[in-house]
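Structure first, commentary second.
By letter and in written order, the chains are A, B, C and D; residue numbering begins at 1 in each of them.
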Amino acid sequence: MATTDRADKTLSMREAIASFVHDGDTVCLEGFTHLIPTAAGHEIIRQGRRDLTVVRMTADIVVDQMIAAGCVSRLVSSFVGNSSAGSLGELRRRVETGDPMPLAFEEYSHYGMICRYLAGSQRLPFYPLRSYGGSDLPSVNSDLRKVTSPYPGPDGEPEQIYVVPPVNPDVTIIHAQRADRRGNTQIWGLTGIQAEAVYAADKAIVVVEEIVDDEVIRSDPNRTLVPAHAVDAVVACPRGAHPSFAQGYYDRDNAFYRAWSQISKDPQRLQEWLDEWVRGTADHAEYVDRLGDEFWAGLAVGEALSEPVNYGRRL
Amino acid sequence: MTTVTSSELLSVVASRELVARRTVFAGIGLPTLATELAHLTVAPDIEVVYESGVCGAHPSHLPETIADAVLITGAEAVLSMPALFGCVLQGGHIDVGFLGAAQIDRHGNLNTSVIGDWDSPTVRLPGSGGGVEVMANSREVFVVMRRHTPRSFTGTLDFCTTPGPDRALAEGIRPLGIGVTRVITELGILARAGIGEELRLVAVQPGVTVGQVRAATGWDLSVADTVETVPPPTAEELRLLREDVDPERVYLR
Amino acid sequence: MATTDRADKTLSMREAIASFVHDGDTVCLEGFTHLIPTAAGHEIIRQGRRDLTVVRMTADIVVDQMIAAGCVSRLVSSFVGNSSAGSLGELRRRVETGDPMPLAFEEYSHYGMICRYLAGSQRLPFYPLRSYGGSDLPSVNSDLRKVTSPYPGPDGEPEQIYVVPPVNPDVTIIHAQRADRRGNTQIWGLTGIQAEAVYAADKAIVVVEEIVDDEVIRSDPNRTLVPAHAVDAVVACPRGAHPSFAQGYYDRDNAFYRAWSQISKDPQRLQEWLDEWVRGTADHAEYVDRLGDEFWAGLAVGEALSEPVNYGRRL
Amino acid sequence: MTTVTSSELLSVVASRELVARRTVFAGIGLPTLATELAHLTVAPDIEVVYESGVCGAHPSHLPETIADAVLITGAEAVLSMPALFGCVLQGGHIDVGFLGAAQIDRHGNLNTSVIGDWDSPTVRLPGSGGGVEVMANSREVFVVMRRHTPRSFTGTLDFCTTPGPDRALAEGIRPLGIGVTRVITELGILARAGIGEELRLVAVQPGVTVGQVRAATGWDLSVADTVETVPPPTAEELRLLREDVDPERVYLR
């Protein structure tokens, strides 16, 4: 039987963002601490997108940067902090003082966000979860609603449960270790909610450390978390997850996380940082170059290879 | 040209209906042959998603089941059942689903559960498998029936396992697709363009009359204004099918 | 930081079935065509369990055998057939004629079963799915019920959706390629619904082709689909999935699938088969021996190794 | 014995409370130290499940975040978010969840969202993360608070992000566990045995009086009939903590 020759979907980051991210879109950026699509966020800043609704479980540095650059009017998130390293200065100013303009914020818990992706990816009208009973969150988020189960509860009485609505972004952007040219995407280490976020979206951009030969992907099909049919663009962008990390490629830049709390505390310093590192670079390759070889050597990792498994071959 | 077998005829006819389709949810057998032939002819970008979770298979041998080990080795992706049924199928990524059935009615509703009463059946059939989901979530469904008789093309199903969208809408449930659009048999092709429509005879196989098809159908079968005669398999179609798709004649009985 | 030294959970098949499968239990056996836990089913037959409710998406040969051996009073399934190779003789007799005794049967579709496992594993009171609208299945299965979504549908009107209840077996049994002694279980090739079936159960037995050193498992933690904390017993039982297959270990015995339709058609011949191959063998090792080296050579597979991935090591 | 730091004290006291527990859902920092020390002392079978999805970690270095690469390399399992939060946490596999908060009330309800009004807060805090789920689905919850003041131990939360079971039951939602059972601070230990109960002072740190704890608490704190004095860290506990658990003093500030 023959090989299916579906399309090559590789684009430059510039092309991918220009094609699939438009003013006013709902944009999901996922990656739980690991493989955060920072370079894509920076390109959205360079292209000056406006009025985006950003959906992201852990709204961290890249979201603070996009807000500060004026790209974001609404945020949907379950954790708005700079990891355990401190605060997001711009986000806090927007929420606490509305300076320079307010930010609409929809607050969830982590599992609430996960269930929104599950509902979105599975085309469900809602997803049930055993959270929120007694919380004040439903009082500030009218999308947290309740359903009565049609089966009796443990005590024989009707049982109520909270539900969340699906999220269906216009575009989801994730970062991954590797993909083939058609978009079959392999991720290892923390895999988070990336696959569901892709399936929930109308369009999906996968940014990867490297594009590999079909044979590499096909040697281990269980490692493909996102199949080609769910992907619209594949962007090669080495080190595109910095300051987060890519398991097996480079380590987390903990110093930058700590520094961001200071940078973002001062609006002027934050804008200068964006001018220098984002608006003042043509693309992520220039950002990587400016950081320099010595810097990257500090984040280099050694080798810890997985033992191969045998998929077998008919004799 | 050598004699064309029933399997070859059905595979060729089904393959032509896949023009411009991209994703097919197919079981093993005739749907696989049809899809592979379509890939070599009218639908070069087509991809089969198997009920076992395999996407982008590159098998070394023609698979004997939807879960054959040769489908897995060298595949582009193997998905878990929740991802396959939840994200891919219910998520709306399938253009065409292939189904078979013991009985089909004029709206393309299917019975794969029982002949007779469900509680004490004359024949217990395997049941839905993923059929209910393929019908509810594919944009359209092709049915290939090896036998075209009044018992299998019936006015009233003994049991409706797999409802088309008309039955779903009557219950207030909105399906994703339009249900069965093609029924391909040794006698001809029945078609249906959308919700609310009945299956109509649109083409007969060479040598078959409209009257023969109507007589083999258990309801008063509507007939299109113009009934085409299915062009017989071309030499090239047969060559591809016999030499490239199934050279060992695993399914081409 | 130190290694956690949790318990060694290895048991013989005899011990595992004796400890965790009791008369009257609800027993889930999963494995979608691949990695069917046949040897465990045979040991249940040897130990003469009665009145089991068996939960299995594709009720196939092993279920037909357990029914014929008198172990099963109720079946919950979405496909009751011998693959594409024909019929299950005993199951059909029980359902069609009640001979020698009736079998209670709860009929679902595949995704209905999947969603029951999802609900069971996630401790949800129900799981929604876009199936069953207009089907006769709800008329014969009162557990297929409807819920009204608390969010407006696409046309602004209230939207109804079917739901299924959780399944929470007393014990789930799966077959896998390998595990460590504590139960960290790795599966590749078709992975089906095994992880959810384990999480849905009160107890879980994992039968494996081989028990491997901790280091093998730990070289590829993403391959671990079932973590140790969800497993109660680990049983080493090579070739325990025959006549189904274990990707990379041995191929499917298609000839036996075809033969079963004939064997099971004749009740006497079926019982003789059970006498010879199950009740007449002390354990699965004897069953494997009787089949003989030449037979197993016919199912042998060659090598197709996955390319290793780098998990990285801090320098 | 050298001077015991606040981190050391809290870690040692928390570790002792983990006797016979098997699965802990813990963030990085004091909960990690406490759990690792418990593993070496009172709970040899204990396993930490991290919010990032890591089970059975064997890190080469003390992790700096719950997602540190050293937690993944060499781990026994890394789970997806749906598996972690759905099957492991909501599925009921966690004995003890560790949480922190900006504010806690007498029933162990927590605020991690805002100081002031939610709509225009004085301070916007990070929010729930997985806190709501840890509280709803762990059999019990330990809270470690570095500061014990009337503003953080408050009669009325500014906002209830993470409700305990009493608030859930009042709304007709039945949680899995019994909520906060231990609150460990530099002043002492508050405890609560089950649903319907308030936190009570059960132990004070050496040199701290009951009156000092009550004064530092923003509600009228109940006191157990017998208030124990927490035995100070033993030489062996401190040695294990300093030499085996955190020799580089990443968290032991």
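FYI, a residue touches a chain if its C-beta (ideal position, glycine included) is under 8 Å from a C-beta of that chain, and two chains touch if they have at least 3 such contacts.
Nothing here was measured: the structure is a model prediction, and the numbers come from that model.
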Where chain A and chain D overlap in contact partners, by chain label: C
More contacts between chains, C-D or B-C: B-C
Between chain B and chain C, centroid-to-centroid distance (C-alpha), Å: 28
Rounded Å distance between chain B and chain D, as computed from the means of their C-alpha atoms: 57
For chain A paired with chain B, centre-to-centre distance based on mean C-alpha positions, whole Å: 39
Sites on chain A at which at least two other chains make contact: 118, 123-124, 129-130, 153, 159, 161, 189, 191, 195-196, 219, 222, 247, 251, 301, 304, 311-314
For chain D, residues that touch 2 or more chains besides their own: 54, 69, 72-74, 78, 86, 90, 137, 176
Chain D contact footprint on chain C (complex, rising order): 1-7, 118, 121-124, 180, 182, 184, 195-196, 199, 214, 217-219, 221-222, 224, 226-230, 311-314
Interface residues, chain D side, partner chain C - complex: 22-23, 36, 39-40, 44-47, 49, 54-62, 69-70, 72-79, 83, 86-88, 90-93, 137, 176, 244-245
Touch list for chain C against partner chain B, complex: 32-34, 58, 77-81, 83-84, 91-92, 95-96, 98, 107-112, 114, 118, 129-137, 140, 153-154, 159-162, 189-193, 195-196, 245, 247, 251-252, 254, 301, 304
Residue ranges of chain C in contact with chain A within the complex: 123-130, 143, 145-151, 153, 159, 161, 163, 165, 177, 186, 188-189, 191, 216, 219-220, 222-223, 247-249, 251, 300-315
Residue ranges of chain D in contact with chain A within the complex: 27-29, 51-54, 64-69, 72-74, 78, 80-82, 85-86, 89-90, 109, 113, 118-133, 136-137, 159-176
